[in-house]
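Read through the structures below before going on.
The following pair of complexes shares a single chain, chain A, combined with chain B in the former and chain C in the latter.
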Partner chain A sequence: MIHSLNPTMKAITVILPAILLSFSFDIITPAIMFIYILILTFFFSKLNIKKWLFYFIPMSFFALGLAWMTMLYTDDKYATGPIVFSFFSFDIRMGSIIVSMSLALRSLCFIGLSLLFAFTTDPTKFMLSLMQQVRLSPKLTYGILAGYRFVPTFKHELDLLKKAHRIRGLGRAKGWRNRVEHMRQYFIPLLAGAIRKAERVAIAMESKGFTGSKDRTYYTVMKIKATDYLFIIIMLIILIIAYYVSYRLGTLNIFGHRIMP
Partner chain B sequence: MIKSWRLKDIVLMSVLGVVFGFIYLGFFGVGKVLVAILTPFGFGPIGYELIYGIWFIVSIIAAYIIRKPGVAFTAETIAAITEVLVGSTSGPTLILSGMVQGLGAEIAFALTKWKNYQPRILVFSGVSAAFISFPYHFFVSGFHAYESWLIMTMFVIRLLSGAIIAGYLGKMLADQLAKTGVLNGYPIGKEVIARHEKSSTNF
Partner chain C sequence: MKNHQPIFELDSFSFSFDKHDEPSVNNVSCKLYAEEVTLLLGASGSGKSTLTLCLNGLYPEAIDGFTSGDLLYKGRNISSYPKGVINQEIGIVFQDPESQFCMVRVEDELAFVLENLSIPRCQMKQRIEHVLDIVGLSQYMKHNIHHLSGGQKQKVALASILLMDPQYLILDEPTANLDPISSLEFIETIIKIQKQQRFGLLVIEHEIDDWEPYAHRLVALNNKGELLLDSTPKEGFQNHLHKLTKNRIRVPKRYENRKMPIRPSSEKESTEVIVNLKDIQFNYKNKQILNELSFSIKKGDFCAIVGENGAGKSTLLQLIAKLIKPVSGSIDFLNTPLSNWHENELYKNMGYVFQNPEHQFINQTVYDEVCFGIKLRGYSRVETERMAHHLLTDFDLLSDKWKNPFSLSGGQKRKLSVATMLHSKPDLLLFDEPTFGQDAYTTSQFMRIVTHLNDKGVTIVFVTHDMDLVDSYCNNVLVMQQGKIVYDGTPKALWRKTELLEKARLRIPYRLRLINEEMTI
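For the complex of A and B:
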């Protein structure tokens, strides 16, 4: 299951196809990848489909917006083939439609991979794994985790600030402009409070003997297992298959160069 | 690099990174609104270019406060990691683009050997972040398929956005924070104190 994979390896597995997919400007390659990502999402991870759709649908609108703009302003290199339809002063050619659909599908792949990662990874474990597998400095790792810890207290602090302001006679924000003005009033004190606390935590950590050296033991040990390698290898194989199928069908297009079998 | 940082430098970078990570996520929403307004005209992604500078701002703020090598890069990377951990839909690739942006901002400070933190260097840092990040997005987002005049327009808008939002606004925010006194243990705070003492001896 994807939940139990090592977070660092999972991140690599998600980043690799995202970069390698950037070379293709045809429909088939990203389409095959997208189908594979959907299979992973629906059958191999225990995530809540409703929650997934809640994030996926708005993001896919962005993909469509990107496709729309690409279609209207296609580079001459891609705007080939017969004119399919006209929109105001824009003549949309077959090539433009293909390249815009390709970019849209690529964005959908990115979105699918990202959601897969975000929904199946525990933030703290990701940091611990970065420290133990990528040798990120413990000083940095625990520093970041300590900073991250203050985020949940922000809401409470904000409530306190609001109440303090109201007791002193500052009214509630009415209207859009006032609300922006209020956000400015709250932002600096909130941040100042967090910085003050962070400095105290840093001093406390050092006074209790935290040196930040790499020579230390860990309470939670993160390991890389065979399944982690398997996951990354399968991902790459599917990517190669996607490129190969597209090549066989004669649709493969790398940076505007058609590559025929 | 890491050796020259004190633990409180790192924790401060982290707090700034985490806070701005959330702000960065929020600005994706702002970007989406701008895109929605501009999309019917076919200028969709330019919406993001207008506010692009916001995504470099933590580099400038952190570097301006802490004034050590690697701070601009690290703060930006932490912000990107936060976005991913909190659940950005761009996923781990965002960490990579955060690193590229942080590197871009860092270059400006590296050129002055991390000695000069005057306003023009801060603005230049915003511009260099924009300058470096653009080719990366050109590659990853497939700008290749756009017409060249549109790419140029996007590039110029991004440079301006980097200068104004990241450079200028970043400096303003850091100055406001320094005024509260919480940064007195950092170089920016010491500068504020020194300036204060100087002006008071004049009287």
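For the complex of A and C:
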């Protein structure tokens, strides 16, 4: 299960194919990867599909929008082949469609990989792992964890602030200038509260004997297991297969260079 | 006990945040002993918290402050100890339960302390289980800290300090943000542990009635941070009462010679209804918060809403102010349904003071803050100036006119937040826990203002935990329990309903506790 993988290794497994995938400008390679990512998401992780869709759908709209724009304004280098259809004054060529669909699929891969990581990783464990595997400074990681705890409080505070301002007679902002002014009025109390809380937490942490030294024991030991390597290796094998299939089909395109078998 | 070696020895000790500033702790000489419970008293801003952070070794280092004189821990200058050593021997539990943790779960937070001490992993689990057992939170080991109640959070904070086996424990207003029963439970827990483990205890608290019986010594600071008193509690409270009260220090109620003033309930019992709620239901995230709530508040009432944390008090207040909408049911204000009120018109007639006054500030100066609402009501410039001047005089804020609202003291912020609601004479003022975490002086000043407004005919509704306030000011009290009103009537009649009070986790006011005590003796 993906939940139980080591977070640092998982992060590498997610970032590596994302980088390697960005060279392919064809459809087949990212499509194969995307299918693999979906299989991982739906069959190998215990995430809430409804919640996943809640994030995935709006983000994929963004990906499609990006692809649409690319299709209309394709670089001349890629806008080759026959004209497939015309849209207002735009002539859409086969090359543009392929490049933009490839971009859309790559974006979907990035989104899928990021969500897969975000939904299956406990932030506390991720930080612990960064400390134990990457030897990141405890000052930084515990700082991030302390900040993470404030996210719900922050939301609550903003909500109260909005209500308090409504009572004062500060209606909904109209126009740009008012909106900027509104932001300032929210920003100062939120910032004042945040600084105060940060100072308190820092003092509380120090008074619990925290010195920021790397010389510490760990209650939860994060280990790298064989499955972690297996996960990263399988991911890379699938990526190679994807490139190879595309190569055999004669569609492989790296940075606009067609590579034929 | 005095023949023991003192654990702390202060000799003309001073501390200031800046070289040119007046010192926050000023020329203090005293000795603190292990195995003693010491009360540290002083008004807000008297340097109590600063002093405790010096004792803990965090100041002056953490903020580059300046010290003079000597502060000895076990006979050695505190600055000569290596970093982190003092922190482990001197533990502090702080006031705000929300901001003393850095981990998500109880277990991890406690492990964090052990990791800091480089305790071998194999011992950790057993020590965590043991300390949770001591504070009575065994079943919460795997829980998320965020979901615990305030009282439970403070016990987690206490547990994490106990893991360090402290020689001396400092409690910096640990119960200020807790409801009365949780606060009592916390005090009982800590005293029990103190008796078993015999560490020294330094307690800072505004409400010291519950601590005082356990205290061996009393150290008081005046508002310049100088030592005012160092004696036994009995001697201090009996012989130096005047000295303490003059310095805005609240003394235990049993030493207070004046009785809390009981406001005569208004003779002119009004029958006119100002707010009427019918069959209100409110859900939040699919959870039922309020259920079939019906009641009315009469014009001129001084009404308190009480009940334990999470009973739905603030939600109720926000519903009345149209800040949130009920799922079903109707709310009438001045005989008109809330839905028919235009927002501007509504907030001309109704004010709402939030728990944190800072939330309400939107301007750069105190003066602009007061003018803002008046201008919004369309008064002329001359008129606005006249009214603002009047309000600032009334609230004793004239000398701070050009200050930034955020730079005011806690008490002044509270006053300003009330002043901003008085641009036009409101019929109803709602307060969400206005005296929470405030010292005695600020509370009494605030209550004077509110009483004055009530005398002028403004209906007051406030959420509170302070039963003494309810007892001495209110003519009506609503008790909430799990989203329901379980009592609606006079405070006097409420104090007789022992069973109901216990269920709603309320304590009877001090005045009656005293009578009960005398009866049992």
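Things to note:
FYI, the second predicted complex is superposed on the first by the 229 of 261 C-alpha atoms of A that agree within 3 Å, B and C clash if a C-alpha of one lies under 4 Å from a C-alpha of the other, contacts with A are read in each partner's own complex, and residues count from 1 in each chain.
Keep in mind that, in the parts below, a contact is a pair of C-beta atoms (placed from the backbone, for glycine too) under 8 Å apart; a residue touches a chain by one contact, two chains touch by 3 or more.
Keep in mind the model is a prediction, meaning the values are calculated, not measured.
Legend: residue contacts after superposition of the two complexes on their common chain; A:Glu206 is shown touching both chain B and chain C. Of the two partner chains placed by the overlay, only chain B lies in contact with A:Asp75; chain C stays clear of it. Judged by the touch definition given at the top, the superposed model places A:Ile188 against both chain B and chain C.
Using the contact criterion defined above for the overlaid structures, shared-chain residue A:Leu170 touches chain C, although it does not reach chain B. Touched residues of chain A were counted for both chain B and chain C, and B has more of them. Contacts of A:Phe85 after superposition on the shared chain: neither chain B nor chain C is touched. Using the contact criterion defined above for the overlaid structures, shared-chain residue A:Ala146 touches chain B and also reaches chain C. When both complexes are overlaid on chain A, the residue A:Phe43 reaches neither chain B nor chain C.
Judged by the document's definition of touching, chain A residues 123, 146, 148, 188-189, 192, 201-203, 205-206, 210 lie at the interface with chain B and also at the interface with chain C.
In the complex of the two chains, the chain A residues touching chain B come out as 11, 14-15, 18-19, 22, 25, 55, 58-59, 61-62, 65-66, 68-70, 72-76, 78, 90, 99-100, 102-103, 106, 110-111, 113-115, 117-119, 121, 123, 126, 137, 139-140, 143-144, 146-148, 150-151, 188-189, 191-192, 194-196, 198-199, 201-203, 205-206, 210, 212, 255-256. Chain A contributes residues 123-124, 142, 145-146, 148-149, 152-153, 157, 160-161, 163-171, 185, 188-189, 192-193, 197, 200-211, 215-221 to its touches with chain C in the complex. Every residue of chain C that touches chain A in the complex is listed here, in rising order: 53, 56, 58, 62, 83-84, 87-88, 90-92, 94, 96, 98-105, 107-108, 111-121, 124-125, 145-146, 157, 160-161, 164, 318, 321, 323, 343-344, 347, 351-352, 354, 356, 358-362, 372-373, 376, 406, 420-421.
Within the complex formed with chain A, the chain B residues making contact are 2, 5-8, 10-19, 22, 32, 35-36, 39, 42-45, 74, 78, 81-82, 84-96, 139-142, 144-148, 150, 173, 176-177, 180, 182-183, 185.
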